[in-house]
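Pasting the structures in now, so scroll down.
Presented sequentially are two complexes of subunit A, the first with subunit B as partner and the second with subunit C.
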Partner chain A sequence: MAMTANRRCVEQFLSAFYSGDIEGALACCEDEIDFLAYAPIDILPHLGHRRGKASIREMWETIHRRYAHMRYDLPFIAEDGDNIAAMIRVYFRKSDSDRIVQIDLADFYRLRNGRIAQIRQFMDSFDVAQQVLERDIASMLLQNRSK
Partner chain B sequence: MTVQANRQRITDFFKVFYAMDLDGLMAFYSDDIDYVSFVPVDIIPHLGHRRGKAQLRETFRIIHSRYSRMRYEVQAMIAEEDRVATIVRVFFQKALRDRIVQMDIANFYTLRDGLIMQQREFLDSYDLVQQVLEVDIASLFRPHQ
Partner chain C sequence: MTEHSLWRFSRALHRAINERQFDELKDHIDDNIDWAIYGPIDMFPFLGARRGKEAVLEVCRTLSDNIKIHRSDRESIMLGDETASSLIKYTLTGRDSSKPISVRFAHFAQFKDGRLASLRGLIDTFDLVEQALGRPIELRGIA
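Up next is the complex of A and B:
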């Protein structure tokens, strides 16, 4: 089956974003793009809710500064009209320590006129916080509860 | 099964799951179900990776024992071939007290002959831990007053 324009847009977006081509990724998005990552903004302040290309460019520049290299696999993608859901396994190499951060993401895209108008992003945010902070938060919580 | 049939299966599955009908919901799974909920298993040990109906049934039994009532709103459902992805906003009332746990949950289902054979579940696990333990995790990193 031939790839639809919407799926081609999302796959181009992912390819551009994870190769570090922020402008290429933004070109796949509407000017008023609405982005929401379900993540703790007190730990990951560059995530949360963003609206518009300028705000999203700033967020993605922050991410790409922190990670020297990114790659991804796409184990699940489904398309239904103007909606696409993708499960993405991402490998980030930290710029300052060479450590690899591996996370699975759930992205939900809504497209309008062939461009991405909305992104909803889910992740194991507890694990991401631990990997970013390089702290065992679970042990800290369990110790705190046993006091 | 058609895409429409798979969509209807997941719609029916939600009704049974959130009505807390354990026997009913297990009928939607294949015997070799492969289930992963991406959460910290040292804090929430009944989630994580489960394989087979017996393990999954125990997971859902524990979840249902902790909440006295559940309701849900489907925010998105995307179906293609044997795959269905959903976002559901859930409201769980804790069994031991009147607090409500509210969160948005993303699920990716792969079906075979109308049965769920693989499920991958994503949620804001940091927020879930805070709501379940009733703690402010960020406070652990602030200097003591």
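Up next is the complex of A and C:
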């Protein structure tokens, strides 16, 4: 079955973003793109809610500064009309330590006129926080609970 | 038109969790199911990876022992022939408290012969931990 234009758009977006081509990724998006990542913004202040290409460009530039190299696998993608869901496994190499961060993402895209108008992003944010901070927060919480 | 396997599985899962009725759920799970809901397994033992029907039923029993589903709102659903992905907002309470917990659950499912054969689930687990603790995680000195 031939790939739909919407799916091609999302796959082009992912390929551009994870290869560091921010302008190429933005070209797949509407001007008023609405982005929301469900994640703790006190640890990941560049995430949270963003609207418009300028704000999103700033967020993505921050991410690409912090991580020297990115790659991704796309084990699952589904679409229904203007909605596309993708499960993405990403590997980021930290710029300051060379450590690899591995994250599974669930991205839900809404497209309008063949471009991405909305992104909702989910992740195991507790694990992401632990990997970013390089701390075992779970053990810390369990120790505090047992005190 | 035949009903999608996701709906049959979802009804059986809700019934299993809320009413502790697992017989129907068994019929909707493939014997060799590959299941993972990512999250801190030392804090929530029902999270993590499982393989096989009995292991997944045990997860559902643990869920049933710990939570009750009060409401579920579908925010996004995509259905394929034998695939489904959805984003669902659940309102839950713990069995041992009336404290409400709200979580969005993103999942990707594959079915084989009408039975769930693979599931990957993602939750904003940092928020879940904070709701379960009833307070923000104190990160002063860490972050």
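In this text, the second predicted complex is superposed on the first by the 147 of 147 C-alpha atoms of A that agree within 3 Å, B and C clash if a C-alpha of one lies under 4 Å from a C-alpha of the other, contacts with A are read in each partner's own complex, and residues count from 1 in each chain.
Keep this in mind: contacts are C-beta pairs under 8 Å (C-beta built on N, C-alpha and C of every residue); 3 or more make two chains touch, one makes a residue touch a chain.
This structure is a prediction, so every number in the text was calculated from the model and none was measured.
Once subunit A is used to superpose the two complexes, subunit B occupies space that clashes with subunit C. In the superposition on chain A, contact of A:D21 is made with neither subunit B nor subunit C. Of the two partner chains placed by superposition, A:E11 touches none, neither subunit B nor subunit C. In the superposition on chain A, A:D124 contacts both subunit B and subunit C. Of the two partner chains placed by superposition, subunit B and subunit C are both touched by A:A138.
Shared interface residues of subunit A (contacting subunit B in one complex, subunit C in the other): 38-40, 42-43, 76, 78-80, 83-85, 87, 104-106, 108, 120, 122-129, 133, 137-142. Contact residues of subunit B toward subunit A in the complex are 38-40, 42-43, 76-81, 83-85, 87, 104, 106, 108, 110, 120, 122-129, 133, 135, 137-138, 140-141. Residue ranges on subunit C touching subunit A, taken from their complex, read 38-40, 42-43, 76-80, 83-87, 104, 106-108, 120, 122-129, 133, 137, 139, 142-143. Of all the residues in subunit A, the ones that touch subunit B in their complex are 38-40, 42-43, 76, 78-80, 83-85, 87, 104-106, 108, 120, 122-130, 133, 137-142, 144-145.
Contact residues of subunit A toward subunit C in the complex are 38-40, 42-43, 75-76, 78-80, 83-85, 87, 104-106, 108, 120, 122-129, 133, 135, 137-142.
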